[in-house]
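Two complexes come next, and they have one chain in common, subunit A, joined by subunit B in the first and subunit C in the second.
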Partner chain A sequence: MTTNKISAEHLTYKRNRHLILDDLNLNVQQGHFIGLLGANGAGKTTLMRLLNGVATNFTGTIQIGASESIVDRKQLSSFSESLKGVNANRTLHQIATDYAIMYLDFSEKAFENFTNKYELDCHQKLSALSKGNRKKFATALTLSRQTQLYLLDEPFEGIDSMTRKRLISNMIAWKPAAATVMISDHHVNDVVNILDEIVVLKDKHVVAHRNTEQLREETGMSVEAYYESFYEGSATDD
Partner chain B sequence: MTNTWTMTKVLIRQRIQTVINTVIVTIVATIITAILMYFGGSARFSIELFYYAFQPYLIIGGLYLFIRLAIRQEHTWVDNYYRSVPITNLKLYMANLFSTICNFVIYCLVQSLIFAILEVTTHGIHWPETSIWMDVAEVVTILGLTCLFIWTFVSLVHLLSVTIMAFLPETQIRLAQWAIYLVVIITASYLFNQLWQLFLMPFSRYNIAAIFGVFLVIFALISSLNVYLLDKWVETK
Partner chain C sequence: MEFDDKVPIYLQIKQYLYQAIITGRLKSGAQLPAVRQLAAELTVNVNTVQRALSELIQEGVLVTRRGRGNFVTDDIKVLIELKNRVIATELGTLYRQLADLNLSAEEMKDAFAQYVDEQEAHHDHQ
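Entry: the complex of A and B
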């Protein structure tokens, strides 16, 4: 199926009189792992916030599936930054219980599987977790929803490389065929093997949107080299 | 889509611990004060000692909880944790405000029960005149409406400041915050002065229906503005 699952047309977003995204266009097909790449401040998190619906002051259109409505977008996407603002004195179990009530598509069974695989103790308080374990918990919560789009903002930050590889292989095994997973990460090499597509953000725009296999065949470059070339000024746009 | 009642239940549950902690602290403080009074030689050890020691803590605890609940309520508007939930802003607004009210009512009921037990144990059962109950009901209604007004007004100030600050350059945010505080202090002083006049009025001059109507109109106006700001301008941090 080649329906555009996520689309952003002429998307412009400004905050504190600072232009973050300018006339951005993006069309993504369903069922893929998509790498959202860009330097710090390129607008990766902002784009995810806009797609999820927690940022609303934009011009242009955003669509997930057939819907542009903010409530529908929140229903159709699961964002790893949704844990921001939770009371850190609550245990992981309590937070997950609330998630199960607030999100009708939350699967407690899937959450249990993830916490077992990620070796998280659900009786611990959130405040007691290390940075890496917090990221693992946020990822477990995000992926335990049964929805169409998963937005993972730097999910492997603070996680050692061995665990990172294990998490990535878990993610490949978990992914439902129809689900789209958008991952932003600074360690391109670590995630590159699971990516079907990459989207490069630079200068407030999408400067490249490529299928990773085609990219390697056509340019003979690795994904990381291709991405870095945008910052050396030596690559052509998509 | 998540419904209002579901969201209300989650918010009540998350805040109930604050209510329980406040009740526990007021009880512990009462016991400590009573013991100190006894050892200070100012009273003989009896339930009456607890009865008098409990009264100030009942009010202090109420004020503390009132502020804590207002802070928790305001966090809800700007935290991803709540704003990511697939629910309309109107429903989220109603759930948030209703859960704040419910938690405060729970506190009042529990403390009233403790107070009633201490009262009966100290002075025995004696029913006041019927006319007193009418006055009590009026005071409770006006206090309840005042709480509701303050919570919605605090939300309005918060949401307005978030909206204004999102349009300013980051370097001017601090300055704008002080300007907003100044406007709020002036407006709030005027409004609370009006409320105070209301409280000072003798009971016989109260027209409870008119007061209720005015509060309802103000509440509806402020709430409409709050929901509009949430819908159009207020984003998460």
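Entry: the complex of A and C
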């Protein structure tokens, strides 16, 4: 029964002879909001790149549903980082049109919906956007595809807390029951209420994978305190 | 609504709904918003809301009607029991804290009665 799972087994990844992930194992059921937590440099973005199929030179296996191949995984997942490398002189509307050509599952109607709710002006050029609006735009593009796994890398960076709350409400109302949304963040409290599960990355491994409600019930700890307990005694670069 | 991150969120949602029902913000027989809408309003995850609602359904406080959604029960007995249960929980906490201060039963009753009177008087002055 691997069809409704996302998994990484014995995943090892090096970049420039530098070990980034070392024999990492992760197995999640589809359909949840999952928080990918870890200090800067813990490998959160790398893991997302690997799941999505952008990063390739790894050993081990990665599966989304029953699919292992990189081509399939690119289809089965939508990643917020794919905005990188886009010509910043193009307008949001033009970029979305390019996306619709690249990804058959991209819904322009959904995109219009998100940009309205996010208060983005699609006639603006990408280069004219503030950091927060650029993040919102990346999220809108990512979620406008209809696929199984959504990978959002620090989607709330540079976004004020009121807007963040609105975006999160929006995401809750939007998420199809079968879809999985993985959100990386190093400020746990930004997103903690919507997370079904957390995965903590540290020292090139998954050091914890817990259901948030069980965690609260069993330990009486806040998710943030639990997360921070992995970093006690060591300074983070945050 | 602000949540305490140390306490399971579904328990806090249950408390929130208990309070809404006891105070009449959610009336007997009233329909609840759809799970997804409730989740978006509270900015918590759908599964968490679902768990809270499932327990309320098991307790008989909510009834589910196929294809129509969830409703507050119109069984007055269940609602009275609910109110008594919530009051007992609150009083239980107070009782234990006062007992920890070595107050006798009489002292407790007197202190509480006096406190209530003072609050009322304070309220009247405003």
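The criterion applied here is as follows: the second predicted complex is superposed on the first by the 228 of 238 C-alpha atoms of A that agree within 3 Å, B and C clash if a C-alpha of one lies under 4 Å from a C-alpha of the other, contacts with A are read in each partner's own complex, and residues count from 1 in each chain.
Assume contacts are C-beta pairs under 8 Å (C-beta built on N, C-alpha and C of every residue); 3 or more make two chains touch, one makes a residue touch a chain.
All of these numbers come straight from a predicted model, not from anything done at the bench.
Enquirer: Would you mind checking whether subunit B and subunit C clash or fit side by side on subunit A after the superposition?
Expert: With subunit A as the common anchor, subunit B and subunit C both fit in the superposed model.
Enquirer: Now for A:M102: first (subunit B), second (subunit C), both, or neither, which partner does it touch?
Expert: In the superposition, A:M102 contacts subunit B only.
Enquirer: Is A:Q29 contacted by the first partner subunit B, the second partner subunit C, both or neither?
Expert: A:Q29 contacts neither subunit B nor subunit C.
Enquirer: With both complexes superposed on chain A, which partner does A:S7 reach: first (subunit B), second (subunit C), both or neither?
Expert: Neither partner.
Enquirer: After superposition on the shared chain, which partner residues are touched by A:E81: those of subunit B (first), subunit C (second), both, or neither?
Expert: first
Enquirer: With the two complexes superposed on chain A, say which partner A:N113 touches: subunit B (first), subunit C (second), both, or neither.
Expert: So A:N113 meets neither subunit B nor subunit C here.
Enquirer: Tell me which partner A:T163 touches in the superposition: subunit B (first), subunit C (second), both or neither.
Expert: neither
Enquirer: Tell me the angle subtended at the Cα centre of subunit A by the Cα centres of subunit B and subunit C, rounded to the nearest 10 °.
Expert: After superposition on chain A, the angle is 160 degrees.
Enquirer: So, A:I172: does it touch subunit B (first), subunit C (second), both, or neither?
Expert: Only subunit C; A:I172 stays clear of subunit B.
Enquirer: Look at the superposition and give the distance in whole angstrom between the closest pair of CA atoms, one from subunit B and one from subunit C.
Expert: Superposed on chain A, the two chains' closest C-alpha atoms are separated by 29 Å.
Enquirer: Along subunit C, where are the residues that touch subunit A in the complex?
Expert: 3, 5-10, 36-37, 39-41, 43-48, 51
Enquirer: Looking at the complex, which residues from subunit B come into contact with subunit A?
Expert: Those residues of subunit B that touch subunit A are 1-2, 6-7, 9-10, 13-14, 75, 78-88, 165-170, 173, 231-233, 235-237.
Enquirer: Where on subunit A does subunit C make contact in their complex?
Expert: 32-33, 165, 168-170, 172-173, 175, 177, 189, 192-196, 212-213, 216-217, 220-225
Enquirer: Please output the residues of subunit A touching subunit B within their complex, sorted ascending.
Expert: The contact residues of subunit A facing subunit B are 15-18, 49, 52-57, 71-72, 74-75, 79, 81-87, 90, 98, 101-104.
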